[in-house]
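For clarity, chains are labelled A, B, C and D in written order, and residue numbers in each chain start from 1.
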Amino acid sequence: MLGSYNIHTDLALEDKERFESDNVEVSGVSVEEFYDEEREIRITEVKILTENGAKTMGKPIGTYITMEIANLVLPDEEYHKEVAREMASYINNILEFDKSDFTALVVGLGNRDVTPDALGPRVVESLNVTRHIVREYGKYAMGEEESHMISAIAPGVMAQTGMETWEIIKGIVDTIQPDVVFAVDALAARNTKRLNRTIQIADTGIHPGSGVGNHRNEISKETLGIPVIAIGVPTVVDAATIVRDTMENLVSTLESDDKYEIIQDLISPHLYGMFVTPKDIDESIDRIGATIAEGLNVFFTQNAKV
Amino acid sequence: MLGSYNIHTDLALEDKERFESDNVEVSGVSVEEFYDEEREIRITEVKILTENGAKTMGKPIGTYITMEIANLVLPDEEYHKEVAREMASYINNILEFDKSDFTALVVGLGNRDVTPDALGPRVVESLNVTRHIVREYGKYAMGEEESHMISAIAPGVMAQTGMETWEIIKGIVDTIQPDVVFAVDALAARNTKRLNRTIQIADTGIHPGSGVGNHRNEISKETLGIPVIAIGVPTVVDAATIVRDTMENLVSTLESDDKYEIIQDLISPHLYGMFVTPKDIDESIDRIGATIAEGLNVFFTQNAKV
Amino acid sequence: MLGSYNIHTDLALEDKERFESDNVEVSGVSVEEFYDEEREIRITEVKILTENGAKTMGKPIGTYITMEIANLVLPDEEYHKEVAREMASYINNILEFDKSDFTALVVGLGNRDVTPDALGPRVVESLNVTRHIVREYGKYAMGEEESHMISAIAPGVMAQTGMETWEIIKGIVDTIQPDVVFAVDALAARNTKRLNRTIQIADTGIHPGSGVGNHRNEISKETLGIPVIAIGVPTVVDAATIVRDTMENLVSTLESDDKYEIIQDLISPHLYGMFVTPKDIDESIDRIGATIAEGLNVFFTQNAKV
Amino acid sequence: MLGSYNIHTDLALEDKERFESDNVEVSGVSVEEFYDEEREIRITEVKILTENGAKTMGKPIGTYITMEIANLVLPDEEYHKEVAREMASYINNILEFDKSDFTALVVGLGNRDVTPDALGPRVVESLNVTRHIVREYGKYAMGEEESHMISAIAPGVMAQTGMETWEIIKGIVDTIQPDVVFAVDALAARNTKRLNRTIQIADTGIHPGSGVGNHRNEISKETLGIPVIAIGVPTVVDAATIVRDTMENLVSTLESDDKYEIIQDLISPHLYGMFVTPKDIDESIDRIGATIAEGLNVFFTQNAKV
């Protein structure tokens, strides 16, 4: 029923919570939780195992690892390095793949001119790009024992390019033929508490909109032919979501037969196409972007060292 | 009563509407409206005349001219030039002042790294700054018959500088002694419909917070000793405001004794410090910033020509 | 002999002048000049007609139109619009092509983080990108009688992406299949007087390095399979070039047998990889970038209107 | 004699070398050198002791510490931290001052839109600004035992503001009354080998132009009334300097009576107002800017800890 409201979240964790709050078991979905006490990071692994599970959750089959990191907004450099290393190990787990020798393309999705959407471009800025160096000077030029060829691009958004992002990425993948794509993106959460405190790593790629059924604009193994690891951080909540959620809490305390219809009518159409984000989003994007780039740099170097 | 909710808007127009909706007359406040049919611009002049009016409106005594421009978001260059010329004429009206020969400092308030807050810095970028040229080569160097000395600064926000903005501006004003300050800023509206469609010109300066009583952080004649014209465009709505407003519409359709208390309790504390803004805010800031800079350029040149 | 010094310029006009100064006729190269007195623009059309001409000039066969515009650095908006319209007409001339219905990809080459190299990305910022709108709403959605589908990308430089630019462009062209590519780039001139005062339009595409023989990194009809119009503005002079040129003027006034060898030895190896550019390059890039974008916008709309 | 050519360098080290190459002793100037073998940093301390020395050197009386760091361009994070710590210790030495309790204003000079001039604004971006936090929550709020109140501003250049930078800084200093100003700026060197490899720390403040006699545009104890520590990194060489220097090497191998006049005549007037800088200047500014910010952060925290 709530589902009919089509509340949108990019976090599998929040889809799952939606059903928990209704005391509903979701068939075809498994959940495991783990708490890293030392670093105060809660890890949740949601696995969507069947088409039925995918339909219920509104997300494609695959594995979604969520790191909830209460202190991710704090400016503690050492702590961010630990988070980066931990992130690298989860990427390592989720990427089932011969990692002894591979090439990767990192795609920084989003609009660098809209602060909460600039996470992807920010990550690309701090990434160690090596493909051109390895091609020119060989594997040992990087000062490591071995080096993967890493390339990267921040293609911009459709309003800037006139192209769907997957069209751009598809073309590049066909030409340079990497073994894996990492797609980094800013996400929409449902709960403001999660903003800038959560990293989701998924082996499903990027599925704009519902993500089920319609492959048209996906950046995924289906469209690119190679594995796509999606790394996302919720930086906004849809404005309509925030209003609807608060109102549902209100109506649950009141009595009315047609309360859900009333809510839907009250939400201003102007709210669609608007988002909610914190005032200090510039600092969060800068700090978390550097952390995710570091996590990728660690992952690429660790595997190169084997 | 609604006032106890402390709904915040930077637009005097919206304060006034608040009372209209309650069918309350506000003593000490006069309102005049005018509709420019040709350009589809609605002009409202709110004058707060007495301390009592100031207290009721939550804004200092002074004149507030609001231009509501439905098409301000459209990319029509000619139309934006007309808006700029019209804006220049309202600045001319509101600035009671010998305009035959004056020097001005334009202050671009806000954070250039947070898109909806970057309006002020964007305006400074496109402004014709002339003070250094006039001082070096004389009044006639600008190719106009006469030239005012215009200087400009985008000082950044407190999180970046460690200083209140008025401390920075006060220091500069004491040193270079302009005759008038123009302070350009992104505003918070109450209604998302007004975002990026409204320009407010006020002779009251900038009053962070309530704007009444506490002069500490003002950028105004009281703190600087010279007239301060504030030019603002609402680019965000406070997230808590949007939720509260929608819920009030809801409760007015339902029945409950303690409904306002319930609403207040339901608003997540995480919402404070968050704002709502449209997804294409980068394009709006760029376009409106250019228009306001053009309006100031026209105003400074017109008066120089007399 | 001077040629043995391998003085580099991206302007065909300057290659030609090199030989004129030696009183050498270049076979396989034709030159026509025209002076637009009203707008003070000197137009030179250099046609390289034969492989021999290409070898002598160090540039591929094709047509190179150079607009020398003394006032291009001035902030006169009306004048820049005239330059844009004139530029559109030269693009129209050089593009031999059925222009009644075509799709185009505009590529903004260069590094947005190095000011004199940011011309291409700056042009993409101000371009009217229409492909996504035409695809969604049809040809008549743009408010013009007809609309070409225009897409654009600023892919960044190899140090940022790890990829050759042509690899990125090749992939995108294969996927979205435009009829023509426009490649906008900052160029290196030989003479500082030309910086930010010259627009070169060529039907040869982009040929990093010598441009003859080695097709590897070209962005051209040979590598992409469709016409590539290159639009460039010289914004830098190679540092070694500037030293060498001045010294050659010096040695021509002195006497020495081995003077050219001496010159070559004296040029510090540190100079290679350095460029010379004016201090106000930020303003020039902004202004000229807007002008070139306007020229392309005019060209795309004019042809759409037919 | 060479002095008559008015070769400009912002590095006292290079002024000194000028005389060494002529085997001239400079009275009123003392020089000490030290080589840090472990970190491969050469330290030179030039002290200008008398007015006579100041006149000869073309720089005001004071102490100039130069760190020559061959590996400053390398992306080795640990090494940059060591450089930052070492820089903090030299600042500590040069600032003769009761450091137990002080407030500081850091000024990032230069133009953020011209890459090699963006060092100052870049440093301000990464600085720990604390004044507003200490004022609000007290000294112990920063999680250190003690905290100085640090504020910062990147005021922009005269073409953007219409104001001399010292006018802006003077005003701010009068209002917030710090105990010391740190002025960070990009410098012009004479030798391209020094670019992005050298940090100069001086207790003389900033003296645009010759720096002797004319106090008008200084940012110094004379104009502000408090100590001004200047921290600079050469990121450009004046284009005319590079040509003149190379030519002087040439003429010293040739014979001519009026060779210096010939050189002067040959230098294109277009070269004035131009600078030489490396192609990868964006990466250097980013890396060195972070290192200098870190050095200042360390200095402010160390002293706070005492």
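Note that in this section a contact is a pair of C-beta atoms (placed from the backbone, for glycine too) under 8 Å apart; a residue touches a chain by one contact, two chains touch by 3 or more.
Predicted model, so just to flag it, every value in this text is computed and none were measured.
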Treat touching chains as neighbours: how many steps, at the fewest, connect chain B to chain C?
2
Return the chain whose centre of C-alpha atoms lies at maximal distance from the corresponding centre of chain D.
A
Determine the centre-to-centre distance between chain A and chain B, using the mean Cα coordinates as centres, and give it in whole Å.
37
Please tell me the distance, in whole Å, between the geometric centres of chain A and chain D computed from their C-alpha atoms.
43
Averaging only over C-alpha atoms, locate the centres of chain A and chain C and give their separation in whole Å.
39
Overlap residues in chain D, where contacts from two or more other chains coincide
159
Mapping chain-to-chain touches, which pattern fits: line, ring, star, complete or other?
ring
Checked against the stated definition, the touching pairs are A-B, A-C, B-D, C-D
Residue numbers on chain D that touch chain B, as the complex places them:
124, 129-133, 149-156, 158-164, 167-168, 170-176
Interfacial residue positions of chain A with respect to chain B in the complex:
111, 113-115, 159, 192-193, 239, 242-243, 246-247, 249-251, 253-256, 259, 262-263, 266-268, 270-271, 273-283
